[in-house]
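Next up: the structures, one after another.
Here come two complexes built around chain A, the first alongside chain B, the second alongside chain C.
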Partner chain A sequence: MKDINNDSRKPNVFKTYQDLFFKSLFFVSALISSLMIIIIIIFIAQKGISPFLSSYEYGQQNIISFLTGMVWRQDQAIYGVAFIIINTLISGFASLLIAFPISVLTALFVVKIAPKPIGYFIESAIEILASIPSVVYGVFAVGFIVPLIQTLANIFKVQTAGGSSLLAVILLLSIMILPTITSISITAIKAVDIDLEKASYALGASKTQTNFKIVLNSAKSGIFAGAILGLGRAFGEATAVSMVAGNKMFGPTFNLFDITRTMTSTMLAGLKETTGLDYDIRFSVGLVLMGVILISNLLINFVKNNIGKNHA
Partner chain B sequence: MRKFNIKDLILDGITYLFSSVSLILLVIIFIFIFQKGFSSLNLELFTSPYWSENYYASIPASNNTYLLKSTLDSNEYYSEKFGIALKDDFNARNEAIVVISYVHPDSPFNELTNSTSGANEGQIITAQEGMIVNKISYINSNGVTRSAGPVIKQMAEDTINTIEKSDQLDSVFLQTQGGGIFGSLIATIMLILISLLISLPIGIMTAIYLNEYAKYNRFTPWIRSSIELLTGVPSIVFGLMGVLVLFPITSVFGASGTSILLGGLTLSIILLPVIIRTTEESLKVVPDSFREASHSLGANHSQTIFKIIIPAALPGILTATILSIGRIIGESAALIYTMGTYISDKPELLKGATSLAVQIWSIMNGDQPNFGLASAISIIILVMVLVMNIGVKVLTRSKVKKW
Partner chain C sequence: MKFFRLMVVGLILSLGLVGCATTETPVEETKSVTGTINVYTRDASSGTRGAFEEFIELKDKLTVTAIEVTGNGDMAVKVGEDLNGIGYVSLTTDFAANGITPLSYKGVEATEENVINKSYELARPFEFVTRASGDFVSEDQELVTLAFADFLMNSVEGREVVFAAGGIVDVDAGTAWETLKANHPVLSKDLSAVVLKTGGSTSVEKTLKAALEAFQALTGVQFEMNHTGSSDGFKRTLGSEKDSANAVDIGFASRYFKAEETVNLGAATGVYCMDAIVVVVNDENTLLTDSDKELVFDIFSGAVSTWEEVAK
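Right, the complex of A and B next:
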């Protein structure tokens, strides 16, 4: 009996080491998870820059003509990414322009206006839309949006490549980023302080005035976070876009009914039978894509802060 | 005062209008996909390979007549001499074909001998319903071998009439229909297993670290935001990363190019933020009194975690798993880079294959896009995604327990 008592008073060495072991194990996992983003950036940057270094095995490329070039021809090994960046920006921002008002008003309706069952119903519909894989959206775009645009083009008597067009990309992307922006806006609007609304009503504002002037303004920060995520998705969306973009070899494309070429469609085009420079240059495009997403995020943040100043 | 009301009315009207957009879109998408793909959807789709197989086989001699016991449809033509019925059909590319619609149980077509040179030469093949008949060679009354069937532009009726005139059939050129998704189905299951096997432990352990250990650590915000950043990375960039960072790992195991293993590894990194966030949310709702009670009973931190906290957070972990499976099923861009686009009927761990989603992409980007099959696979994916969505909803409802 005496021994046992003594034992239990001592710190349990096994338990201490067990704790230490698991703590380190959990820490290492967290470290791996958090280092992944840095690993991704470093490796893609290294590979993406390599074609422009003198040591490149398939012949050094000119980085200036890559960044300012308006022609992309795999067959002639001419790689200019400038018009592709512009195309990507056009389709991304245009789809944001369509999806943003729809998303924000849908979110407002779901949280503040609709009766609970209807709000829940629409929210579920948005969740389902968000979980539809991009390749299914691609099938839908090829079978539904593209013929629709062909019909439109026939009505307006414009030339189009069977319907694959900038307009198809924009419509497709607006459908795809709609649920992203909506669900984040819903969260943002739900978080608005009820006291602000009560104060607005007390001052004699109508429900609609309160919704538009108080609720949306207070939820602004979250709504713009949704817009940033939506824009990132629009820029990074690959499979569905490549099914309807048509991959034009020069540009930029401003005509809605003309085919276009985005960064992601470029990265996927003809991937099956490619090697050497044509394969490696895709990593450079990927690097540019990451840069574009980063810069546009900063830009939206800037816009958001400025809107805040106007209302304050 | 009235002016304001009109303005309100307009704004409300726009809100109602815009809110209906997502609902309308969802309905259009579902109706469209189901309408286009439903006719191509059948049970055989799940079990049959994508590529059609060719059999060149010799037919044993027979002198019997095989009387038909059951009745056949008017578009099926039956040969009593050889016990086989053929009918006209269209393949996925809308080309006219002749398929076997019935084989008599005693028919010589049940014991064909494979005469295609190769490993399977001499094997016994059974002609099955649904196989495409390209050519039937027969020996005519002069002892000369002649051909019948689509190869000389005969459809089912003419083919049967021709072979009925002959006494002896020589050989037959058969083709399986193909156009199935069996290989992609297996590859998708392999992908799910590999990526969850890697991603779940790392993700759960990271969540435990963030919630149980690192609460007041000054590195924590840094770790958290780098994981959060992963959410915003486009999936195609993960594909590039897989090729650069993870390919050396798979090549240690003997992979020489794109492979299912590489796809699985890449996916496991895509899944990390989802798993970490969902698990952490479920850890957060485990009340502190649980931890305190466990500690006061003499358990150390790791015992508390494994015996109290993880069991309590299990519904959250299950939610994370379901969300991950949904993501794996839908992922395409990253897999195109890491697994390739060649549809494999016998997927192997260290070889390229396609998941269901990539098979759709592959079909749509091929020389002859098969829209029906692509829509049929889309239906399968949509149904899976829907079921998982409902599953997550049910789980999150049951998870909100009052401790």
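Right, the complex of A and C next:
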């Protein structure tokens, strides 16, 4: 007891400096990573807003017609982003609608139902799926999904642009966001307190009842975090999507077999070869996209807070 | 275990579906092309699109239903997959491998030979002109410029890199650089301080850059490219800007020089390669084999929108 008191009265100078050093190191790291997002936002906003200011060098653009326009064609300098927002939301949420239930059930199966080796095998397969670069998904979609949709269209006697379509985008995005949502859901389900389950069994609940009402409900937060990340990937995917979307010049597109255009594919197309207004306006689209993602995340959070409330 | 059994059944079922998809693709009974024409185009910043729209005077008049693809290869793949498709690619594209058929233009087949002998009209020359003799910053500068012009026009090595970069030129008709070099004693000097300045057409940049890099590797000469448009090619070597800050040693145009552009005053001038574009349709489309300006314009502007109308 006495020794310890002595120590605290005469602090070790080296240790104090060591603490101080690491404290500032952590602080600087945190500062850099949080500054990055601020720098990115400022840069994109500066570039993105500039076409709508009266001082813009290539002629001021009308922000109302930009936000409500239903045609996007660079050759006539008509830039309307409204239909692209709708198209992006449709393809993003539709793919989430497909991928979310599959992902959550897969995660439940892997953690709670499957025998250990099978669960381990599936989990590794999903991790590999998550690490495949998007351009590989794009090549796969062009070579496999697109012809598949062409075949489907022939059966239903509808005409497509060789298979490039909204449906192709939705299927492609579903496959791409599946591993993201699944792996985060697996982590969330693994973290559920075993005592909760035991209590449920003790009250006479069956395994299925426990899995759906107790496990999923407790893992809700993590699962929805997965959904947000998945949706973010769906909205943000540019390379693979622009390979199968067909990039329609007007819209919005509701027909599954019609071609479509998303915000990221719009930003990407011809970026390396263009200059002037056509270049700057892509930053405006990026700014709108960030807004869309923010609102979508808030929406998902709202859903999360209102789901399964009566069980909590 | 029940879930596992379900999974296995599901897997088998989906494999069955995949089997169906791949076996059913070739059983398309439709041979004649019917229905809407799917017009494919490059994004608005593409040089190929610029040249194509210039040839058939389509500027700003492209149909709004056109499908935008991401590149020359993408165009070939997409039209090859779409029976109803029509698009345009550069002449150097591998038609057979992509399942596309090139259309002749005004009865002339799209071959390198026909482009070089000028009978195929969907083509344009890449022309150059140098400053007038004695009007260079130094005598060495003039001699080096003429040496490069000789390399670009006549050497096998120069023609090879131009051809690889997409320019159409008869490589075999060139002379080995080893032989040509003897006419340019200036090249035995240390030329690392000489900077060749080029300007004019932006379309020539890809082929010219390839040639300049090859020339630099052989001689050590530096180069500076500042390309703004065909009309500046003459202006900055022999015209109104020849003594301004924008002055260049060699000017380029992706068209024939006009009569008022008195290029015969330059120390050297000529066509170093041709650029050609081919309208393509799907391999199975036997409806269309020849084209002309009017037909191509009508299809790409949307005035003719179904294959039935084309058949008439």
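Throughout what follows, the second predicted complex is superposed on the first by the 277 of 312 C-alpha atoms of A that agree within 3 Å, B and C clash if a C-alpha of one lies under 4 Å from a C-alpha of the other, contacts with A are read in each partner's own complex, and residues count from 1 in each chain.
In this text, contacts are C-beta pairs under 8 Å (C-beta built on N, C-alpha and C of every residue); 3 or more make two chains touch, one makes a residue touch a chain.
Here the structure is a predicted model, which is why all the values come from computation and not from measurement.
Colleague: Using the superposition on chain A, decide if chain B and chain C clash or fit.
Modeller: In the arrangement built by aligning on chain A, the partners chain C and chain B clash.
Colleague: Contacts for A:Lys304 in the overlay, against chain B (first) and chain C (second): which applies, first, second, both or neither?
Modeller: neither
Colleague: Which chain makes contact with more of the residues of chain A, chain B or else chain C?
Modeller: B
Colleague: Is A:Arg73 contacted by the first partner chain B, the second partner chain C, both or neither?
Modeller: Touch partner of A:Arg73: chain C, not chain B.
Colleague: Looking at A:Val142 after the superposition, I want to know if it touches chain B, chain C, both of them or none. Which is it: first, second, both, neither?
Modeller: Once the two structures are laid over each other on A, A:Val142 reaches both partners.
Colleague: Counting only touches as set out at the top, which of chain B and chain C does A:Ile113 meet: first, second, both, neither?
Modeller: In the superposed model, A:Ile113 contacts both chain B and chain C.
Colleague: Classify the contacts of A:Lys220 with the two partner chains as first (chain B alone), second (chain C alone), both, or neither.
Modeller: Touch status of A:Lys220: no partner.
Colleague: Touch check for A:Met243: first (chain B), second (chain C), both, or neither?
Modeller: both
Colleague: Clash with chain C: which of chain B's stretches 109-117, 127-135 or 235-243?
Modeller: Clashes with chain C appear only in stretch 109-117.
Colleague: Across the two complexes, find the residues of chain A that touch chain B and also touch chain C.
Modeller: Overlap of chain B and chain C footprints on chain A: residues 109, 113-114, 142, 243.
Colleague: Would you pull the chain C residues touching chain A in the complex into a rising list?
Modeller: Per the stated touch rule, the residues are 3-4, 7, 21, 24-25, 28, 35-36, 38, 40, 42-47, 53, 59-60, 62, 64-70, 74, 77-79, 81-85.
Colleague: Show which residues of chain A lie in contact with chain B when the two form their complex.
Modeller: Listed in rising order, the residues of chain A that touch chain B are 12, 15-16, 18-19, 21-23, 25-27, 29-40, 43-44, 47, 101-102, 105-106, 108-110, 113-114, 121-122, 124-129, 131-140, 142-144, 175, 178-179, 182, 206-209, 212, 229, 232-233, 235-239, 243, 264, 267-268, 271-272, 282-283, 286, 289-290, 293, 297.
Colleague: Using the touch definition from the top, list the residues of chain B that touch chain A in their complex.
Modeller: Listed in rising order, the residues of chain B that touch chain A are 4-5, 7-8, 11-12, 14-16, 18-19, 21-23, 25-26, 28-29, 32-33, 36, 201-203, 205-206, 208-210, 212-214, 222-224, 226-227, 229-230, 232-238, 240-241, 244-245, 269, 272, 276, 300-303, 305, 326, 329-333, 336-337, 340-341, 357-358, 360-361, 364-365, 369, 371, 374-375, 378, 381-382, 385-386, 388-389, 393.
Colleague: Can you list the residues on chain A that touch chain C in the complex?
Modeller: Against chain C, the touching part of chain A is residues 71, 73-76, 109, 113-115, 118, 142, 146-148, 150-151, 154, 159-164, 242-243, 246-250, 259, 261, 269-270, 273-274, 278.
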